[in-house]
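Both complexes below contain subunit A, partnered by subunit B and then by subunit C.
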Partner chain A sequence: MNPTVARLTVRGLLGRRRGLLLLVVPALLLAVSALAAAAHGDEQSLTVKILGELDLGTLVPILGLVVGTGVIATEIDDGSIVYLLAKPLPRWRIVTTKLVVAIGTTWAFAAVPTLFAGLLLYGTRDGLALGYTVAVLVAGAAYSALFLLLGVVTRHAVVAGLGYALVWEALVGNYVDGARTLSIQQWGRAVAQSVAGESAIGSAVPLGTAVPLLLIVTVASTVLASVKLAGLTLTADE
Partner chain B sequence: MSLPPETGSADTGVIHDIGYRGYRGPRLGRGHATRALFTQSLRAAYGLGRSGKAKVLPMLVLAATTLPAAIVVAFALTTKLDDLGVEYAGYLSSVGMLVWIFLAAQAPVLLSRDLRHHTVPLYFSRPITRGDYVRAKFAAMFCAQFLLMAAPLLVLYAGALLGGMDVGDNTEHALYGLAAALLYALVPTSVALAIAGFTPRRGFGVAAIMGYLAVSAAVAAVAVGITRGTDSADAAQWTALISPDGLVESLVNELFDLGGGLDRRHAPGGVGTAVFALVAVALVAGSYRLLLRRYEKI
Partner chain C sequence: MATITIDTVSRWFGNVVAVNDVTMAIGPGITGLLGPNGAGKSTLIHMMSGFLAPSSGSVALDGTPIWRNQQVYRQIGLVPERESMYDHLTGWEFVLANAELHGLAHPGAAARRALDLVEMAEAKDRRTGTYSKGMKQRVKMASALVHDPSVLLLDEPFNGMDPRQRLHLMDLLRRFGADGRTVLFSSHILEEVEQLARHIEVVVAGRHAASGDFRRIRRLMTDRPHRYLVRSSDDRRLAAALIADGSTAGIEVDGRERALRVQAVNFQGFTTLLPRVAREAGIRLYTVSPADESLESVFSYLVSA
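Right, the complex of A and B next:
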């Protein structure tokens, strides 16, 4: 952690009205939850649908993508990263600082609203709210680390990240069962399921697989990003 | 200011005529420049005439949208089916996510880069006007998207004809599919271009477009999903209005009476169809106007 780098990163990520744009995500989740809470129907499946599909399935990956690439890829893109790299700071510390900011932002903008949405929808019954909140915490951290790595290795980080989050996790995962084993979303669901102890959440991966994989992805992404940042070559756009 | 040292008397300077000539060939004018910008932008959308790296993503998406169609055709032909088993318009909505990725990745390629590298003023120092620029870019992105969706439709249609399936029925449904492709290429594209026009940073533009398309579609899908089978199911269909993609899908399904099942997205009733159509027109016209306004003061 380096407080100056952290401060600059936060300003780059949330300054100049960009923070307001990110606020759309929690606002949307809470608005949908409030509307759904007013509607009648099977409350449990409603909660699973909103928190599982909308929140964990769509909003968290997209937020993780915007935040994870936003903390470093934009700086690499416009070349201002060289001023940071020229400072006598170990590169791994730059990466970890930016990762901490990314994870913190993802948690603030996704996990906290998830808890509120869960309480709004289903109260504290079955531990659904808590389960999904923990799932969003771990999945948000893993997404942040993975997308930060993408931001360092490729100039097309956002597209590559979208390819993973939407095509692999959502599209391929829908048809191919094996693809779900390698999906952060499913690992998150496994965690949610074991925290809530509720089988309605439905995860395709056992907890024993999910937790090590989550840890491996997060740590390996961070290490790899540090290594890649240590030997970063700035290239022009195309 | 110090003067350069005197090296010789002033009368030794000579002006040589080294034969510079002005351009005297034909001037092709504004229309030609606009068309050239259109062709260049359309080619750029597919990475043609760019580096190999720029071709990877568009070609990958084109392959990914067309290959399943080829597989469907191959399957139908080898098992001698008398029906493709796939609805043309439905095929487009099932590969919709790939089309979004193309759109999100390439719309900023057409607009954001010119803004970021300040090349827009260079365009406007030529005969083309701001309106021409917007029109050319808009048309280019529309055509790129339309071609992307027309390719799998063509594969499906050709396969159906080769397999000796009902020509009339297939032609009718292929035309529905083409109409759907036209709408998909108009409505989401215009919104995406409007977003790209306001984001000089390419990465941010990609994320903003994709975020808008994916989040609005997810909200609409969840709203339809959670009301399935209840009496507010029809009311939930109105949420498609927030998602350009859902809007087109609902409109097409209702207009051509396609799709089925509980998850069918459709414009609710006659009023709904009219409202959906109006919103689609308003989205396209509004985005276009917004882009024109954006380029008014550059």
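Right, the complex of A and C next:
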């Protein structure tokens, strides 16, 4: 951790309009949950739908994308990353600091609201609220690391990230069983299922596969991002 | 005392060669990197500042390779060409952050000293996003100077500066050069470079075209044959009268342009000769315009020389 890098990153991320944009995610989740809680119906399946599909399946990857790329891709795009890199500072420290900021932000804007939404919808029954909260914690961390890496390796990080989250995980994963094995969302579900002990959650990947994969993606993304950042090339505008 | 050595360096992007087999050493004092836009100046500075790997050859600071070596930044201060610099921070916060990132023992004192040096102490509490181009340039300078580096690299530092800011920055750089620091700045404007640089390196189309003090470069540029386009009341008679004098090397009658293309050997001689000859022969001059005064043609002459 480098406190100066963290400070610059937080201000860049939460300052200006992006901070407000991030608030949309918890606001949307809580609003939908409040509406659903007021309605009558099969509460368990409604909770699984909202927390599993809307939250873990859609909002968390999008938030992870905005935050993961926001902590580094914007600086690389506008060139201000030069001021961080032209310093005798190990690159892995820059990356891990930015990752901590990204994970912290994702947790604050996604995991905390998930817990509230879960309690609102279904109380503490069946451990659903806690299960999904833990799932959002681990999936949020993995998304942050993966999208931070994308921000370092490609100028089109947002497009690539959307491609992964929406096309691969949501679309392909819906129709092709094998694709679900390589899906952060499914790994998160596996964690939620085992924490809640509730089969209603349903996951395509066993916990024994999900946890190592979550760890590998998070750690490998961070290592790779550090290596790539150390070799970051500036191209002339001329 | 620090020296950057560029040894047989080439850099290509795909099949475009940006820098072609360049060898030069940048030592203490002020060096100007002169060349037209797109000549490869920025590419060279990116390699000297560790933001680009040479495709072949080596770039080193006092014998240590610069690429993938973060420790060089203890000695190097970089003023990039791009303007973005955390617009939401104030000048003070920005320079202070740079001091902290360097791990300085007293970042506050270092930031204050650097801001004083560039005379930005007064505006330090404004957000950098509100600064003028010249002010941004000065704050960027402060951020590069905050750790008291022995090498200062500046990419087109005078771009967009008004004359007063230009003089101020020149003054500042002169002081650094006089301190025995290695200062390198790039520019496409000869006058800027010769006002400031003790030593000039000229790059054109990725190649190292010339090297020397400003007198040598200036001589290379003014001694070249000058070409003029001349229109008069009687082109052929004027051509005959001009070719009789030694200042003229060749004349072509351009029928389509209805003008003379004159190649002069001696710039000074020709400019006094032409009106005199015209007057004596009773010919009226309608147009006299230099045909190749653009910097690019001067540079291309240097390259072929």
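One rule holds for everything that comes next: the second predicted complex is superposed on the first by the 233 of 238 C-alpha atoms of A that agree within 3 Å, B and C clash if a C-alpha of one lies under 4 Å from a C-alpha of the other, contacts with A are read in each partner's own complex, and residues count from 1 in each chain.
The definition used in the following text is that contacts are C-beta pairs under 8 Å (C-beta built on N, C-alpha and C of every residue); 3 or more make two chains touch, one makes a residue touch a chain.
Remember, it's a predicted structure, so these values are computed and weren't measured experimentally.
Chemist: With the two complexes superposed on chain A, say which partner A:Ala86 touches: subunit B (first), subunit C (second), both, or neither.
Modeler: Only subunit C is touched by A:Ala86; subunit B is not.
Chemist: Looking at the overlay, what does A:Leu182 touch: subunit B (first), subunit C (second), both, or neither?
Modeler: Touch status of A:Leu182: no partner.
Chemist: Touching A:Val159 in the superposition: subunit B (first), subunit C (second), both, neither?
Modeler: First partner only, subunit B.
Chemist: Look at A:Asp78 in the shared chain and tell me whether it touches subunit B only, subunit C only, both, or neither; answer first, second, both or neither.
Modeler: It touches subunit B and subunit C both.
Chemist: Scan A:Ala36 for contacts with subunit B and subunit C and give back first, second, both or neither.
Modeler: first
Chemist: Find the residues of subunit A that appear in the contact set with subunit B and again in the contact set with subunit C.
Modeler: Touching subunit B in the first complex and subunit C in the second, residues 78, 237-238 of subunit A appear in both lists.
Chemist: Would you pull the subunit C residues touching subunit A in the complex into a rising list?
Modeler: 13, 18, 37-38, 42-43, 46, 49-53, 68, 70-71, 73-74, 76-78, 80-82, 84-86, 88-89, 94, 97-98, 100-103, 143
Chemist: If you look only at subunit B, which of its residues touch subunit A in the complex?
Modeler: 50-51, 53-54, 57, 97-98, 100-101, 104-105, 113, 201-204, 206-208, 210-211, 214-215, 218-219, 221-223, 225-227, 230, 232
Chemist: Can you list the residues on subunit A that touch subunit C in the complex?
Modeler: Listed in rising order, the residues of subunit A that touch subunit C are 2-5, 7-8, 11-12, 15-16, 78-80, 82-91, 230-238.
Chemist: Show me the residue ranges of subunit A that touch subunit B in the complex, using the header's touch definition.
Modeler: Against subunit B, subunit A makes touches at 21, 24-25, 28, 32, 36, 39-41, 45-46, 49-50, 53-54, 57-59, 62, 65-66, 69-70, 73-74, 77-78, 156-159, 162-163, 166-167, 170-171, 237-238.
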